[in-house]
Structure formats: structure tokens, C-alpha cells
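Pasting the structures in now, so scroll down.
Each of the next two complexes has chain A plus one more chain, namely chain B in the first and chain C in the second.
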Partner chain A sequence: MNPLELAGARPEPAFTVTFDDRELQALPGWTVAAALWAAGITSWRTTRRDGRPRGIFCGIGVCFDCLVTVNDRPNQRACLVAVRPGDVIRTQEGTGHAD
Partner chain B sequence: MVGAACALYAARAGLDVALVDRGPVAGGTTGAGEGNLLVSDKEPGPELELALLSLRLWDELADELGPAVEYEPKGGVVVASAPEGLAALEGLAAEQRAAGVEAVDVPANRLRDLEPHLAPGLTGGVLYPQDRQVMPALAAAHLVRASRARLLTGRTVTGVLRTRQGAVRGVRTDRGDVHAPAVVNAAGTWSGEVAALAGVTLPVLPRRGFVLVTEPLPPRVRHKVYAADYVADVASDSAALQTSPVVEGTAAGPVLIGASRERVGFDRSFSLPVARALAAGATRLFPFLEQVRAMRTYLGFRPYMPDHLPAVGPDPRAPGLYHACGHEGAGIGLSTGTGHLIAQILGGGRPELDLTPFRPERFEQEAV
Partner chain C sequence: MPTDLAVIGAGPAGLAASIAAAARGVRVTLVDAAPSAGGQFYRQPATGLGARRAQALHHQWRTWTRLREGLDRHIAAGRVTHLTDHHVWNVERTSTGLTVHALSGPEQETPVAVRADAVLLATGGYERVLPFPGWTLPGVLTAGGAQAMLKGTLVVPGGRVVVAGTGPLLLPVATGLAAAGVAVAALVESAGPEDFARHAGALAAQPGKAVEGALYTARLLRHRVRILPRHTVLEAHGDDRLEAVTVAALDPAGRPRPGTARRIPCDTLAVGHGMLPHTELADTLGCRIDGVAGVAVDDEQRTDVPGVWAAGEATGIGGAALALAEGHIAGRSIAARLSGTAPDPRQWERVARSRAALRRFSTTLDGVYAPPAHWADQVDDATVVCRCEEVRAGTVREAVGRLGAGDLRTVKLLTRAGMGWCQGRICTPGVAGVAGCAPTAARSPFARPVPLDVLAREPLQEGPDAC
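Here is the complex of A and B:
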């Protein structure tokens, strides 16, 4: 069953964000990670040394594994940052910084 | 770290070593450090001699363990932002050169050759090629492993065993006794408590320091870079908060920003004023850091001694007890020399350096 129905939630209308130029729907109050997971995306970063895939690990802002680039700002914790209409979310490679 | 180095050099001198630690390896001040191996911040004297000996030994260890402990012979750059500060810095550098330190004066227009992202308008600086860095938790762990000492972590020393004549014969722990003809007190900031268990006083006090950790970055800070007033802060006796910017990159990517000093006991609570002061100081040196996110902070307690010198050597008040503690913020750097000297005296030899300035009982005599 849809958890929104389970909780009797009546969320505000959904809005659109993009992940690597792909449009996703998100609900107000979601984190970036929630929006990505809801779209079936579980990895949005590659590690600095070996380029291995990373997504949510701790989910509570402690481990810094879920870092992602949001609106050109790298190293945002997807599990903490609230998603906002029009956010441009991108896979982060390495440090996310040029040079 | 100091305990690990004592274990390594004692074991290599042929002694049977057991390491007893209340917590895990690097669970105290070692794990809260930046891993500095510095000569630049030391005035000529016994501490600098210990630092030079220690650097030589770190270089030897690096042949075995270098990559594993993130050993980086990166050098240090000390910068001044005003002419008076530069004059004092160059004066110190001249004295250090006379004591065997490599120190190269760098005019203002050459600073950016060394550090391209440094702020404009600095007056000049001094390059210290001998300054180095390790990752302290890795260093402690690898030294312990290399020592092959018996490792007893999670065991709290609750007493020091002594014969009726007063000689030390081992330690009592919460999980049984460990018998030994010699006990080395390398409990860092908590060494005063261990000394008290042996019935002797050692005035080790905690001096708190915070480190700000940035998000991982591509290499942008090449050396350990700090402001000239850091040396004065290190040598200060004040209990009040002092901060002076110290900035360094790490092998893993984050930039570490220090350094604060304050004597507030073992208070582990976060301090926003300290974090603010550290961030402000660092962005004065490296303006690009304004756009960089600080991910977290950590804090630790340097083992502070009233005269800023460690206690290294036998304690005549408790035969069989040796101290290797009180290195304040320099314990990672000074650990190898300390361990080497302790191993020399445990083996009955003459220590390579004169240990008189480091005598653990020196404060008692001063009090008389």
C-alpha cells in the first residue's frame, strides 16, 4: 500500500526537479534522497579514488556517503537537503569541484 | 601515538611489550590531532632537539610504513601579514637555522609560487621543508602492529603495582594484573591520573583544540600553512581562548583548519565562537575557502605541561615507572624520538639526548 495513504497524508501538489537532465516529480517536504529513491535512483555519486557508486548509507546526515551536486553546489547531503521546485540535481563525480 | 612509538622502539630493542589502553588505539588525543610533524613552530631548545631526532626517525619509518600512514613530506609555510610579524618570524627562522633547521625566507612576491591560492597582501613568509604530516590514527595503528606488542585495549589501569620497597612491578587493570619490571606512562592528557595511581604528581592539564573539516577538495593547499602568530599562541600560558589559522590539505581530500587553544577542562561541548574564529582565520589566508563547505568539527585535549616540555624518562619517586607524556600539541611529531629515548633507557643504555629538561619530577622541585 502507498505509505501516503497509510498515514492519511494529504500532501501539497507535486513539483518537478531534474536529475541529470531527467525530470522527476517530488512532493513538498521530501529530501533530495527521497525524491531520487522515489524515482528508483539509488546511486548519485562516484567515489574520489576508484569511481565506485554511492547513494544513501546512514540516511541521517552522519556518514557523508550520499553527497550530491544540487544547483551547482557539490557535496550536499542528499539525506538532509530538502528538495525545492526546479532544483537541478546532478550526479557528483569525485570531489565535485573542477580542477 | 606516543605509547605506540614506545612499544615499537622497546620491542625492537628486544623487550617484551604489552600495551594497555582504556579505549581503542588512537581513541584519545591521537585521534583528535592533525598529524603534524613540525620543526617550524619550535624555538631552539630541548623540544626542537627532540623534534629533529623524531623527524629523522619518522623518515626511517616512512620507508616501511609511509603510504600506509599517509606520510607526506609536504613542508610548512609560515606567513606574516604585517612587517613586525615578518621581522619576528625571520628572527625566529634565523635562530632555528643556527639550531639545524632548514628555513628559507620567502619574499611576498614568491609566496604564490608556493601556494597559488594564498590571499594577496601578505608581507612574506618562511618555508620549512622539513615539516611533515601523517594521518595520526593510521600511524598509531601501524606502529602498534609493527611492534607486535601484546595489545590490551578496553582495559582501564586502576592501580600501579609496587613492591614493599616501592619498586613498580606492573599495573592493575579492571580485567586483571599485568606484571612488568618497567611501566611506561604514555596516557597522554590522562597521564596525571596514571601517575597519581603510582603515588606521584605530574601536572598534565587538558588544553582543548578544535579542528574544522571541509568537504573533500582537489589539491589546493600544498603545504601546511599557518600564520606567524601561531608560534606565540603555542608558547602562551594563557587559559583563555586563542586561535590562529593553520590550514592544510589531506591525502583524502578534506582541508583541515585549526588551531584553537583554551583551557576549559575536559569539556567536550561544541563551541560556535571557536568554529567561527577558525573559519574567519582560514579564509583570511585562503579566500577560496569562503565558498567551501565545512562538513564537521572535531575536538581534542592536548596534554599541556606548565613549561610546555614533555615528561620523558624515569621517575625517581617510583623506581620502574617511566613517563612519556605531556607533549601538548606536538605528540604525533615527537612520538618517535620519545619512544626511541624511552627504549634506550629501558635497555639500560644512555639516551641519545639529555633528558634533564624533560625530568618528570622537575615541577616538584620548583614548588619547594
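Here is the complex of A and C:
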């Protein structure tokens, strides 16, 4: 049993997005975090001070730990933002703004 | 478009209130951050996933169906306007009433203002997570976060999962993940059988809840999930991602029993230590807030600010059934007050009795589920306690010990703990525990980050018509 089977899901066709130039398949309705998790990716940000990896934490938009760069816009909450066909997702280094 | 009532939050409390008020002729605008109604408890799989059996992920599905149908009926009749994907950042008192300020659009940068005569704050709650060494590693997330991913996107973490902490949320999270095919290595709960036995009388007063707990436990056993009561996670291990956790048994004083520590390999740790209410909007409105318990309300769910009601987790953590009762009473009170009459509480006597019983039950649960008394002793100086600003426990202890900080506000000013993106929502209980100060509700002028250009101008459009 997987969650799609459990919920009797019949998803609309999958589409392609990229994460750090790697192609991933995503389903309509997924958040950016869901697309990354489904591909086995658990971190997509490095912290501003110590450069430590971070990924999803609260999962509901409260903690801002899952910030990521989507289509050149940094500081997007991966747990809230819907993934769209062709999205270019990148690991956010620090503030996400080049020094 | 002005509205009679703006309801903030489309979870159980907000839905019950919207339906009760709309049924009594109130024009309601329901403002919610999610793409569809339900809140955290009834979070629905995204439409594109075509889920035909979403009930497999939920409990009390019949209640949800009733709420959903009630909402749809009032929307179709034009009595309720549901603004989805609207993130409320402020509620403002004006000379003519109240104005709800939200951000909408895919980038959450389009300002929307809703003018209302009354506002119901049904803003819900979020999970409390106390710090421990390794809790910032990727792979460690909140128990509710793992559940939100499952319910909303039907995606689960790969590999082995440990569910840990304390509180009534852990059982449904562990059973939900196990039912979805996840290998749940253990459920680690710091409360033990003796904590339940101490409150046996009060727990039995809500037999439905006890049965629910027993069902969850039976299901876990069927999935061969190991339950470790009276245990705690001492540390999460890994370099760049989680590889294992160390758990230990707790002695009666709440300290790890020497010699009981053991390592459980895992890829995900879903952890939580109870819930906290979202009180930021109430706070900026000037509503009285009872410490960390929630927004203070009277028997009609009114706050002490005229025109502002509150219901559900925002007024104190108590679960979905309590939120429904409070929301219903709020909706009826609002309908009466907006028409200039005092409501007759006898009309909702049955619901008020249920509200009282559920509040008593949640007080009992607070006594059963508590983090280990000495959890802060396990937080070594190198552990990051403020995740946003990367402030370590040692820095907080130095602020208290060497610099003499005596309260949370001073600790924050000296260390920056609580000054980051989340505005202290996540770290406040942890920093307070490590500092030995009383926790205070996170305070912020805005309930979420707002682009400067939005603050610099009046909203370009008023109300739902323009968005």
C-alpha cells in the first residue's frame, strides 16, 4: 500500500520540473516540498550563518525552514508553494541573494 | 465588497461559525491561506490528485462531509464568500469597523482588504517542538508536518520513520503513516501508563475519546509498530541528514534512566510536544491573551475587543470537536449581536455543555501528556535552539548566567533568539526552557512577512471582487 493507493488517487498527468538541474517528475497539486520529498531530496537550503542544510520542518508554513529558490525567486516556502510545470527549483544558499 | 462577518481560518471552528452565522442571515467572508477548506485537521488532498477515498486518511469523516456540504450550500446561495489562498497578515480597527488585510496570488504579494462589522479569529494552532541535539538535521520534522504532507499531497517520507515526543497527535500520525505503507520503526511517547492511570476517571468521562485511543493503538500493533511509552529521544544523529536517533526510558522524575539508551536507525523523525495557539492577529488587535494558553473569550466566544470573536485552538488547544462547538456558538452569538440583539444562550445549551465537557477533557490531557520535566538538561550548549538565527543553547545560557538576562525579551535582545523569519513561533518554548524563563506568546506586528511595497501603500483593491 502507498498513500496514492490508500486514497484511491487518480492523479492528472505528471510533469517535469528541475532541482539544481536534475529533472524530477511532479504531480498536479503537489507543493514544491512534496515534489522534492517524492524524489528522495530532504534538504534544499543552507543556513546563513553556518551553511547547514535544512529542509521541511513544520510543514504548514509557520517555521520558514523550508525556504527555497523557485524560478529565481528566493525565500519561497516549499511546503506552501504549488509546483508548476517547468519550475526551476534551486537550493537556496544563505539569504538566496548573491553577495 | 464589505461583509458582515469576516472569518479568518477555514478549519473546524471557522467552518462551524460560518455555517451557523450564514444560516441566520449573516453575509460571511471566509478568508483562509489554504487552497481548500478543512484547516489542518480536515486537510484535503489537492484536487489534481483525484483522490476518491480521502476518508482513508481521516477520522470523523461524516462530520467533515456535513461541514463541506453546509459550506457549499451557503456559497451557492451567495451567503458565504470563500477566499482561498489568502494569507491574513493583520486585522485593523477602523472608525467604521474592522479591516482584514491579506496577501493573495501565487507569489503572495497581491494585497486584499476585506471590511467587516465583525471578525472571528479561527486561526488554529501549530506544533510545539522542544529542542534536542540534532533536531535541525534534515529528516527531522514535526509530527503534524509529516501528517500534512500525507493528507495534502499523498507524499510520505522514504525509509524508516520514528514518531516521537508527547501528545494526542502522535498516535494518529503514526497510524496514518503506517497505513500509507511507511515503515514506522517506533512510537516514542514520554507519557506512560501511570500518567493515564492517574487521570483515569476524567479520561473515562469522554468514552468516545478513550475508544479512539484504543483503536489507534490496536492499529499500530497490527502494523507491528513498536510503542515505547515513558521514553524520550535524547539525540538525533547524522552529518548532513538524519541517520538514527538515541532513545531512553524515563524515570519517575522525568530524567533518562541510566543504561537504557539505545540507538534506532531511521531516515525520518516526526516529533512534537503538543500544540500552541496562533494568537498574533488577536495580539495586534489588543485582545487579552491568557499567557501561552490562548485568546481569552467569554461564554459567547467574544474577546474583550468589540466586534472580535475567537474560537477553536486559538483560544486554547482542545481538538477538533471542541473547535466545532466553539465555532458554532460564536456564529450564533455573532448573528444575534450583528442584528442588535443579545443572544439567548439557552438556544445553544446542548453545545455549551459539550464545550464544557471537552474543555475539561483537554485540561486532563494536558496533565497526561507533558514533555519530560528535565528536558532542557538534555540540550547541550552546542545545540541550536533558535533555528532561524542559529542561536545555540550555550549563547542563551551565557545571556542568563553571565549577562544577567532575567526574562525572555532580554534574552532575545542579547542573543537574537526569536528574531528570525518565524518571529519566535518555533523557538520560544525551547529558548524559555533553556533560559529558565517563563514562556510568553510570540509577538509580532504582522502575522507573516509582508513585502515593503504592500506596507507602503493602501491596498489597490477592496475586497473579494477584485482578486
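Criterion: the second predicted complex is superposed on the first by the 99 of 99 C-alpha atoms of A that agree within 3 Å, B and C clash if a C-alpha of one lies under 4 Å from a C-alpha of the other, contacts with A are read in each partner's own complex, and residues count from 1 in each chain.
One rule holds for everything that comes next: contacts are C-beta pairs under 8 Å (C-beta built on N, C-alpha and C of every residue); 3 or more make two chains touch, one makes a residue touch a chain.
Not measured: the values here are computed from a predicted model.
**Q** With both structures lined up on chain A, is it a clash or a fit for chain B and chain C?
**A** clash
**Q** On the A-aligned overlay, A:Phe64 touches which partner chain: chain B = first, chain C = second, or both, or neither?
**A** The answer is both, since A:Phe64 touches chain B and chain C.
**Q** Between chain C and chain B, which one touches more residues of chain A when both complexes sit on the common chain A?
**A** Higher number of touched chain A residues: C.
**Q** What is the contact status of A:His97 with respect to chain B (first) and chain C (second): first, second, both, or neither?
**A** First partner only, chain B.
**Q** One more residue to check, A:Arg48. First (chain B), second (chain C), both or neither?
**A** After superposition on chain A, A:Arg48 lies in contact with both partners, chain B and chain C.
**Q** Pick one for A:Ala34: touches chain B only (first), chain C only (second), both, or neither.
**A** In the superposition, A:Ala34 touches chain C alone.
**Q** Which one of 201-209, 255-263, 273-281 or 345-353 is the stretch of chain B that crashes into chain C?
**A** Answer for the clashing stretch of chain B: 273-281.
**Q** What part of chain A is shared between its chain B contacts and its chain C contacts?
**A** 48, 64, 67
**Q** Going by the contact rule at the top, pick out the chain A residues touching chain C in the complex.
**A** That would be residues 1-12, 27-31, 33-34, 37-38, 40, 42-43, 47-50, 52-65, 67, 73, 79-82 of chain A.
**Q** In their shared complex, at which residues does chain C touch chain A?
**A** Chain C residues touching chain A: 33, 35, 40, 45-54, 56-57, 106-107, 126-127, 136, 138-142, 144-150, 152-158, 179-181, 240-241, 387-390, 420-422, 425-426.
**Q** Under the touch definition given earlier, write down the residues of chain A that touch chain B in their complex.
**A** By the definition above, chain A touches chain B via 48, 64, 67, 74-75, 94-99.
**Q** Over in the complex, which chain B residues touch chain A? Could you list them?
**A** Chain B reaches chain A through residues 215-218, 252-253, 293, 295.
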